[in-house]
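The data blocks that follow each hold one structure.
Two complexes are shown next, each including chain A; its partner changes from chain B in the first to chain C in the second.
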Partner chain A sequence: MIRSDIVRLYKTVHTWTGISCGFALFIAFYAGALTMFKEPIARWASPPAVGVAAVPLDDAPRLLELVAAAHPQAREEGIKLHLRGHENEPARVTWEEDAPHEEGQPHDHVHWWATLKPDGTLLAQPEEPSELADFINEIHMSVGIPQAAGLPLMGLVSLLYGVALIAGVIVLLPTLVKDFFALRVGKNLKRMWLDAHNVVGITALPFHLVMAITAIALCWKGELWSAQEVAIFGDRQAILMDRDNGPFEVPKPTGEAAAMMAPAQLLRKLEEQVPDLQPSFLVFKNYGDTAAAVRVPGAERGHVGDTHLGGVMLSAVTGDVLKDGALPSRQDPDRRAAETLYGLHTGQYEGLTIKWAYFFLGLAGAWLFYTGNLLWIETRRKKARDGGAVEQSRSTRLLGSATVGVCLGCVAGLSLSIVAAKWLHGRVADLNHWHAVVYYVVFLGSIAWAFARGAARSAVHLLCLSAAATMAIPLTTLTALLFPALGMWAHGSAATLGVDVVAFMGALCFAWMAVATLRRTRHGPADSVWSIRKPGQASALSTPVPADA
Partner chain B sequence: MIVSLALALTVLGCANIYLASPHQKWRARPLPRTPLRAAGSLLLVAGLAAWVAALRPMVGFFVALHVVMVCLFVFPYAAAFRSVGRGH
Partner chain C sequence: MAGEIRPDWWGKTSAGAILGLGLALSLTGLYAYLGPGGIDAPGGRYSLMRFLEAFVWITVFGFCFLFRSGRAAWAWLGAANLIAFAALFACRFHFFA
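== the complex of A and B ==
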C-alpha cells in the first residue's frame, strides 16, 4: 500500500509535467501517427511523370550507362535505381547534383530524374520532389519550431513526458487492477475523463515508455554524443565513428572500365547471398569502373531497425557482397541495440500490421494528452449552486482555449497542408515552402481564433474546420478525377486511395465530434468553459445529453 | 496466412481478456470470468507463437505486443461508444 501523501505528491508531478508538455506531445503524436504512412502520403502528393514511360528493369543497364556518361557527378555521388515503380519515384533512376546555394532555395543540390526516349536516347530533367511527407515528419520531430531550438526542446519535453508516465503509474497503482478497463460514461464528467485518460495511458504504457526513452535519445543525440566523447571515449570516439561508417565507404575507382552486371542479375545474386534482405532500391557508385559498387539498403527479415541505412554493398561487376557490416544480423551489438531502439520509435519493421498499430497508438497518444487537459479543466470547474451564476477561473478558460486552438489547429493545418500538394502544384514556385506557409497560417490562426472566441464556441468552429480540411483530401482527388483540366491528379494505387479513405473516415470522426460538441455547448451543464449558456439559463433540450467537450 | 492467424488469435485473446473484466460493457450478463481469462491467456500465447513463427522472435514479439496494446484500448472505447449510441 502506497502512502496517500506519496500518491498526492506524484499526482502533482504528473499533473504539472503533463500540462506543461501536453501541447507539444499532442502535435508530436498526431503528426507522428501520420508519418507511419509517410510513403503513401508522398505518393499521393507526387504528380504523375507526364510523358515518361516506365523503363523495364531489363533496359536499366542502357539507362545507367547513358546517365553515367552524361552526368559524371551522378556517377560519382551515386545513381539511384528504383525497384517499385511508386508514384513518388518520377522515373527508373534519380540522383542529386550539387548546386550553388541560392536565396530562397531549401538546399544546395538539385534532384534529377532520367528515362529513355522511345528512340533509346536519354531524357534527363531536374525536378524537385514533393517534400510534404518530410514536412509532416519535421512537425512531428520539432513541433514546428526550427530544429536548432525545436529538437533540444522536444528532448526536454520527452524527458518530462517520461516523468509524467512514471508518476501517473504510481498514482494509479492503488486502483490499477480494480479499475483496469473501466470507462464509465455518465454524468460524472471528471470520472469519465479520468477513465478515458487512464484506459489509453495504461493499456499503451509500453509504447509510451519506448517513445519517451527513444525520443530523448533522438532529440539530444548531439548533446549525448558530445557527453559520451568527454566522459567515456575521449579521442577514440572518432575511431569508433570511422568504424561505424566503414560499411558505407565505397572502394576507390581504379579508372579502368569494366562491364557492369545488369540490375536484374544483381538482384538474383543478392537473393542467393543474402536471402533475408528485402531491397528498397539500388545505388550505383562509380558506374562503369572495375571498382564500381552498389549499395542495397533494405529491411532484413526478423530484425527491427533502420531500413534506409541497413543493407549490404555489392560489386557492380561480379555481384559479390563487398560489405555486409550494415546488415542487421552482422552489426556490432552496440550498433544493433541503437538501431533496434530507433526502429522501435519509427515502427520500421514487419509491414502493414505494425504501421496500423503505431498509427492507432499515435492517435491514442494524442488523445491521451487532449483528455489530460480536459481532465485538468473539469477538476477545476466551479459548479453553480442553486442555479446561481458562477465565473470559471481564468486559468481554466485559457487552458480550454489553448487546448482547442493548438490541437485542432495542428489537425486542420496538417490536413490543409496535404491538400495544398495538389491545388498549388504548378501554381507556386516553391511548393515545399508553401506546405509550411499553409500549416503555420492555419495553426496560428486557429490559436488566435480560440482565444478570441473562447473554448466552447471555437471548439465547434475548429472541429468543423478540421472536418472540412480533412474531407478536402479525398474531395481533391475526386475533383482531379472529374476535372482533369485543373491540372491535378488522382492516382489509382491502393496506397494512395488508402490516404483518401483514411482521410474520409477521419473527417467523419471530426464532424461527429463537432456535432457532439455543439450539443454540449448548447445543452450541457452551463457552469463550464464548454458551455455557451449562462449558469441558470435553461437548456433547450428536455432530455439529458451525453456530455462531450 | 500465418500472419492472419496470428492476428486473429491475438485479437480474440484480447477480446476474451476484456470480456473477463468486471468493467466489460459488451454483454449485459457477464460470462464466467475464470474460463474467459484462461481462454484469453491461451489464445494470446498461441498468437505470440504464431507471430514468432511468421516473423522470427524479436519482430514477432514486438508486433504481438503492439497489436495487444491497440486491442486493449480499442475494446473499452468501442463499448463506450456503443453504449452512448444506445443512449445509456
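== the complex of A and C ==
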C-alpha cells in the first residue's frame, strides 16, 4: 500500500507538471494525430500534375539519362524515381538543387520535376511542392514556435510529461482497481471527468511512455550530442557517428561511365534478394557512374521500422544489394531497438491499422491534457454557498480562457490551413508561407477571443469555428467538383477522399461538442467558469436540467 | 521508512533534473563501453544511446520525490553519480588510452 503522504506529494507533482505542459502537449498530440495521415494530406493538397503515368517504367531509363546529362547537380544529389502514382508525385522523376545562396541566409532548395515530351525530349521544370504536410509536422514538433527555441522547449515539456506520467500512475495506484473499472456518470461531474481521465491515461500508458522517452531524445538531439561528447566520448564521438551512418553512405563515384540497369529490372532484382521490402521510391546517386547506387527506402513486411531512411542500397549497374544494414530484418540488435522506438513514436509499422490506432491515441492524448486542465479548474472551483454568490478566482478564469483559446485555436487553425491549400493555390506567390500565415492568424486570434469573451462564451464560438473550418475541407473538395472554373481540384483516390470523410466526421464531432457546451453554459452550475450566467441567477429554463459535460 | 516524507520541492526537483541527467549519461556511457560487443559494436548502438538516456532521466526524475528529503535525494543520487562516472572514466581511459 502506498502511504497517503506519498500520494499527496505526487498529486502535486502531477498537477504542476501537467498544468505547465498541458497546452504544448495538446498541440503536439492533435497535430501529431494529423501527421499519421501526412501522406494522404499531402496528396489531398497537391494540385493536378503530369504524374508518374506520363512516363511508363520501361521509358524511365531514357528520362534518367536525359536528366543526368542536363542536371549534373541532380546526378550528384540523387534523382528520385517515383513508383506509386500518388497525387503528390508531380512526375516520374523529381530532385532538389541548391537555391542561389546569400551570405548569412539559411541554405534553400529548389524542387524540380521532369517528364518526357511526346517527341521523346526532356521537359524539366522547377516547382515547389505543397509543404502543407510538413507544416503540420512542424507544428507537431515545436508547437509553432521557431524550431531553434521550439525544439529545446518541447524537450523540456517531454521530460516534465514523463514525470507527470509516473506521478499520475503513483497517485492512481492505491485505488486503481476500484477506479479503473468505474466510469461514474452522474451528478458529480468532476468525478466523471476524473474517471474518464484515468481510464484514458492508464489504457494508453505504454503509448505515452514511449512518446515521452522518444520525444526527449528527438528534441534534444543536439544538446544530448554535446553532453555525450563531454561526458562519454571525449572527442571521439565522430568515429561512432560514422559507423552509425555506414548503412546510408553512398559509394564514391569513380568517374568512369557504365551502363545502368533499367529500373524495372532493378525492381525484379530487389524482389529476388529482399522479397519483403515494399519500395516507396528509388533514389539514383551518381547515375551513369560505375559506382552508381540506388537507395530503396520502404516498409519491410512484419517489422517496425523507418520507412523513409531505412531499406537497402543496390548497385545501379548490377542490381546487387550493396548495403542492407538499415533493413529491419538485418539490423544489429541495438539499431533494431533504436529504430523500433523511433517507429513506435511515428507509428511506422504494419500499415494502416496502426496509423488509425495512433490517430485515435493521439486525439485521446490531446483530450487527456484538455481534461487535465478542466480538472484543475474544477478542483479550484469555489462552490456557491447557500444564497451567497461566489466569484471564481482570477487564476481559474485565466486558465479556462487559455485552455479554450490554445486548444481550439490549434484545431481551427490547422483545419483552415489545410483548406487554404486549394483556395489559395495559384492566387498567392508563396503558398507554403501562407499556410503558416493562416494558421497563426486563426490560432492567435482564437486566444485573443477566448480572453476577451471568457472561457464559457468563447468555447462555444471557437467550437463552432472549429466545426466550420473542418467542414470546409470536404466542402472545398465538393466546390472544386461543382465549379471547375475556380481552378481547384478534387482527387478521386481513396486516400484523398479519406481526408474529406474524416474531416466531415471530425466537423460533426466539433459541432456536437459546441451544442453540448452551449447547453452547459446555459444550464450548468452558475458558479462554474463554464457558465455564462451570473452566480445566483436562475437557469434559463424553468425546470433545472442536470448538467451533462 | 519512518517519519513524514518532506516535499523539499527545490531540492528534489534539482536533484532529479541534474543528477538524473548525470546518471542517464554515465549509465548509458557504461553501456556503450561495456555492452555486448563493447565500444566496437556495430553502428546501431549510437542511435540507441539518446533513447536510453531519456529513459533513465525520466525514471530518476519521476521517482526522486520518493526520497525522504531534498538532502537525501542529493546524497543518494550524488553517490550513485560518483560511482557511475568513476566507472565511466575508467572505461574511457582503458579503451581510449
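Everything below uses one rule, namely that the second predicted complex is superposed on the first by the 529 of 549 C-alpha atoms of A that agree within 3 Å, B and C clash if a C-alpha of one lies under 4 Å from a C-alpha of the other, contacts with A are read in each partner's own complex, and residues count from 1 in each chain.
Just so we're on the same page, a residue touches a chain if its C-beta (ideal position, glycine included) is under 8 Å from a C-beta of that chain, and two chains touch if they have at least 3 such contacts.
These numbers come from a predicted model, not from an experiment.
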- Message: For A:Arg268 in the superposed arrangement: first (chain B), second (chain C), both or neither?
- Response: neither
- Message: After the superposition on A, what does A:Lys117 contact: first (chain B), second (chain C), both or neither?
- Response: neither
- Can A:Arg427 be said to touch chain B (first), chain C (second), both, or neither? neither
- Message: Tell me the contact category for A:Lys221 with respect to chain B and chain C: first, second, both or neither.
- Response: second
- Message: I'd like to know which partner A:Leu159 touches here: chain B for first, chain C for second, both or neither.
- Response: second
- A:Leu361 contacts which: chain B (first), chain C (second), both, neither? first
- Item | Partner chain in contact with A:Arg84 - chain B first, chain C second, else both or neither | neither
- Residues of chain A touched, compared between chain B and chain C (which is higher): C
- Which of the two partners, first being chain B and second being chain C, lies in contact with A:His303: first, second, both, or neither? first
- In the complex formed with chain C, which residues of chain A make contact? 3, 5-6, 9-10, 12-13, 158-159, 162-163, 165-167, 212-214, 216-217, 220-221, 224, 227-228, 231-234, 236, 240-241, 243-247, 325, 331-339, 341
- Note on the structure: In their shared complex, chain B is touched by residues of chain A numbered 179-183, 185, 199-200, 203-204, 206-207, 301-304, 340, 344, 349-350, 353-354, 356-358, 360-361, 364, 546
- Given the complex, residues on chain C that touch chain A span 4-5, 7, 16-17, 21-22, 25-26, 28-29, 32, 35-36, 39, 41-51, 53-55, 57-59, 61-63, 65-66, 85, 88, 92, 96
- Item | List of chain B residues in touch with chain A within their complex | 3, 7, 18, 21, 23-25, 55-59, 62-63, 65-67, 69-70, 72-77, 79-80, 83-84, 88
